[in-house]
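Down below are the structures I want you to see.
Two complexes, one shared chain (subunit A), two partners (subunit B, subunit C).
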Partner chain A sequence: MSVAANRTGRLRRAAAGNLTLALLALLLVGLTLGMGQLEPLFRALFPDLSQPLYSRDSFLNLMLAHIGLVLVSSLISVSVGVAAGLFVTRPAGREFEPMVSSLAAIGQTFPPAAVLAIAVPLAGFGFTPTIIALSLYGLLPVIQNTIAGLGTVPASTREAARGNGMSALQILWRVELPLAMRVIIAGIRVSVIINIGTATIGSTVGAKSLGTPLIAGLVGNNLAYVIQGALLVGLLAIVTDLAFERLERRYSFGG
Partner chain B sequence: MIELQGLTKTYAGKRVVDDVSLTLQSGEFGVLIGPSGCGKSTTLKMINRLIPLSEGRILINGDDVTQLPVEQLRRRIGYAIQSTGLFPHWSVARNVATVPQLLKWPKARIDDRVDELMTLFQLDPAEFRDKYPHQLSGGQAQRVGVARALAADPEVLLMDEPFGAVDPLTRETLQAEMRRVHAKTGKTIVFVTHDMDEALALATRIALLNGGRLVQYERPIEMLVDPADDFVREFIGQADLGLKLLSRRFVHQYQRRARLAPETGLERLDEHAWLVDAEGRPSALAGARLDDADAITRVKPEWIATPEMSMKEALSRMVWYRVTALPVVDREGRLIAEVGMPGVMGIEGDGGAIEAAP
Partner chain C sequence: MPREHTPRVIGNRVLLTLWLAAAIGVALLPFATLSPNRLVSGQPVMLWQALPVWQLGGLGLIAAGLLLAALARPLPPRAADWLGLALTLPLLGLALFALGDYAQRALAEASPAARVSQGGAFWLLLLAAALIAVDALQRLRLGLLSRALFALLALGLIGACLASDLLAPLSLMREFANQRDIFVAQGLRHLSLVGGALLPALALGLPLGLVATRSRRWRDGLFSVLNVFQTLPSIAVFGLLIAPLAALAHAVPWLGELGVSGIGVAPAIIALVLYSLLPVVRNTYAGLAGVPATTLEAARGMGMTSRQILWRVELPLALPVILSGLRIVTVQAIGLTVVAALIGAGGFGAFIFQGLGQYAIDLVLLGAIPTIVLAVIADFLLQLLVAASRPPGTR
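Moving on to the complex of A and B:
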């Protein structure tokens, strides 16, 4: 009885979660495309501002540029991070584990603004230094969770896989990675969410993102710009987080 | 046939398996037993090369195991372990199909084999095929683990304390099932345990190890009646030696003619006798009760014996229900013989029959 009740409860919660996700995603798209329709609202809220709506670029362009920054940097973080995590959990790379873990930890103790300051003289202004800073900053959770996820595979499961005649590669693909996937995805989720927020800083070195109206608002004392940028970044982070939550759930195998 | 020749494993200069030589014929059920740290698991894992051997040779049907590609070798050898090692993200059917899939059998053949094995282990395919390991009881998961080990019809089956983590009741059921599966498939099995009762229940050959050395390799009854030295005697345990011997004897060897009771005059019987119903099933026993020799006792299902039952179990029922004889029944539940105290004392039976009332 309890199993069936559990399952219906889970299904109901999942359905409610899907509905929330769909509504928030709709709101995100609506605000990105139709921020201009809210101009009367911002005018009423901020009667002292001559320009209460950010208009130097469309919010759609800013959103796409922001997503582009996060996507590219996260792809780098994930591929480097998962590869590093895999390497140090194989027999050949086991001795590098402490070094890789501390390097990744150091990467995260640097504030991204400091990384930007170092990257600009080396890589110039704009897109590239931002990608470097974001990729480094997002590396740690991916490496950590890849190592932790592979560590959750029970020794007996691994021994059974070997004893049944799987090769090292087959064990990795068929057994270890699927079982570690939930924890690895949790790491990617943290990394991506951090990067969505941190990408706004890229605008200080000339990378176009949702941080552009935010910075312009802070510099020009225009609270309306700040709200418009922050609202979209926040929504994007929440929608992405909920989507990852769904994805993680797909890889849980009854504890 | 499995041959271990001078098998030795050295860890940091210490010989954990020391010059073990033995031959297990095809179709035998060999049990490696000994106290913890005696090297029994290490010996087992050297057979499928989960642990590389240091010295000596292992031959399976004449092939040196170190001469074969390791994955190919392991796909020829079934392997079942204590914690089942089932893959939690795969359904029962996919778990059972592990090795056939690695061997790239056609799908239809895999499906047939999975159903066949699940039926062999009394797991209804319709009910269990699509379940996941976390939805199974301990006994069911262990059955799936053994079914997986047998899936590709391996020449040899290795089992590393497979029933060590299940409750005693389930363990006995699984042992009975294992005996049945062994009799049916005729596989050569190497089984590791530290439990002498389990060894006696299953083995056709027992290898007792101590400190990495093979102390005695013998058939179970011979080991019981003729232990090689004091260590063996102590390990077997002297206190219930007789009971252990009874666990290797079976009712069909000791069953005797059963006498049917006459219609009348039950109270004047000089010997105990059985009453049967219209179908020939035993319904009551006249006499043979310890506390009241003249009483007529209704036969309870719990104290009926079958020919396959061990004499230990038969004795246990006699003691518990305070009777000196049990009815032996066939598969349909009809009385075919009786088994009593003479059988417990080792007096061989006459095969059993029904004797009509005088």
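Moving on to the complex of A and C:
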């Protein structure tokens, strides 16, 4: 009985979560497209400002640029990170596992903003250093969770699959990866969320993003710009995180 | 097993990979750059152009020794690992010495405005030395204390190079010398922001974690609220706090007199506390929830009161997990404080953003390198603390 009650409770919570996600996503799209309609509101809130609405670029452009930065860097992080995680958990690469694991652990103690700053002397200003910094930093949680996820697959399960006559590749695709998927997605989630935040600071090294109005507002003492940028980037992060939460839940077995 | 038939040539493929990567990098990247003044970008100077013969010979010897350590013969594995570990210190020392020495010689012939900066190959040698040491320490399975001792040796070597005038001619060190007073002030500011955020975060987070273990309803609500804060980009939180705090300081004048304002320290500390709460609460909860029920039962059976159980049983057993949470938030706070410089809170981030604004790379590095060093050292120290807090027998 309590199991059934638990189950309906969980379903109800999942449905409420879906609704929250849908509403927030709608709000995100609405604000991105319709920030201009809110100009009277910002004018009323900040009567001292002559320019209460950021107008050097459209918020849609900034949003797309931001998502572009995160998407490109996350694609690089995920493909390289999962590949590296797979390599060091195969017999051929096992010798590299301790080194790669400790690199991922030590690297994550580096502050993202410092990594971004250090990419500038290497790659100049603009889109490229931001992509380099985001991809490198985003790589680490993906590698770490790929190794951890594959590590949770019990040896007996792998043994059983081998006993069923599956090849090493089949075991990887049909047994190990599906079982590790939830942990791998959790790593991708961490990586993407960090990258959404770091892409915001990317505007200090000349990459266009939602941080552009935010930083412009901080430098030029225009609080309205700050709020417009912060609202959109905050919403983007929350919506992305909730979406990943759904995705992760889809891959949890026997939860 | 084919390995038993063909004798292995390579004993340590990780070391060999690092060796090759470093060799290729050193061949392709400049060791230093020489520029006529601080505004013009420099000319690349390759390793073999920068180093005199005896230093190149020394580097060759170290490289040969490392190659020997990577081979399966003639050294037994443990001796090879010790050799690799031992050679990282001369590698580090030589890279630092060669850079300072080159800068001295190059600047003696150039105009007074000329600057020498470190190049990619220099960083790569340092990175290779660090990674080779990490690999050797892992293979030797040395304990945390021996690792700390080795790290101390390496840090001492770097410290000695910085303390002597060896590296003084470098552009980065000249920038440091110009900014020494500000550097110390910003460093102290950075540390006090981190400390000022961690204390309230612990004072709030520990009781909240305790509440989370006692009430399920509180736990779910608490975790979802705190999780939202962890998700939000730091600069957005800093920015969103400006308007309410400015309004608050305006409405309540004595708060304004205390130094509360929209920009600066107040929003920085509030945001850092909000970010730090989730790991503290989560780890306090996880630590307390991880105490076995049988242990609690036994304590109750011995006649301990619930307060005694909390202080003498639950908290000591949960301490390693709670301290792991402290480790996470300390490292996180050191990193987030960089961003707080954007709202005028100061700290090492001030150098970074000032440098980015003026395209002054030395200034950027002057902020970025100490932050990274600070984060790595804090992480290591707290790791030692976590290990020390484990009850004997479970270490």
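Methods note: the second predicted complex is superposed on the first by the 246 of 255 C-alpha atoms of A that agree within 3 Å, B and C clash if a C-alpha of one lies under 4 Å from a C-alpha of the other, contacts with A are read in each partner's own complex, and residues count from 1 in each chain.
Quick note on the criterion: contacts are C-beta pairs under 8 Å (C-beta built on N, C-alpha and C of every residue); 3 or more make two chains touch, one makes a residue touch a chain.
Not measured: the values here are computed from a predicted model.
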Fit or clash between subunit C and subunit B when superposed on subunit A: fit
Which of subunit B and subunit C A:P178 touches, first, second, both or neither: first
C-alpha centroid angle, subunit C to subunit B via subunit A, nearest 10°: 100
Contacts of A:A117 with subunit B and subunit C, given as first, second, both or neither: second
Partner chain in contact with A:G197 - subunit B first, subunit C second, else both or neither: second
Contacts of A:V72 with subunit B and subunit C, given as first, second, both or neither: neither
Subunit B versus subunit C as contact partner of A:A161, first or second or both or neither: first
Residues of subunit A touched, compared between subunit B and subunit C (which is higher): C
Which superposed partner A:Q170 touches (first subunit B, second subunit C, both, neither): first
Gap in Å between nearest CA atoms once subunit C and subunit B share a frame through chain A: 9
Subunit A positions touched by subunit B in one structure and by subunit C in the second: none
Complex contacts: residues of subunit C adjacent to subunit A: 12-14, 17, 120, 131, 134-135, 138, 227-228, 231-237, 239-240, 242-243, 246, 262, 331, 334-336, 338-339, 342-343, 349, 352-353, 355-357, 359, 361, 364-365, 367-368, 371-372, 375-376, 378-379
Interfacial residue positions of subunit A with respect to subunit C in the complex: 95-96, 98-99, 102-103, 106, 109-114, 117-118, 120-122, 125, 193, 196-197, 200-201, 204-205, 211, 214-215, 217-218, 223, 226-227, 229-231, 233-234, 237-238, 241
Complex contacts: residues of subunit A adjacent to subunit B: 154, 156-157, 159-167, 170, 174-175, 178-179, 251, 253-255
Residue ranges of subunit B in contact with subunit A within the complex: 48, 50, 71-75, 79, 81-89, 98-99, 102, 132-135, 145, 148-149, 158
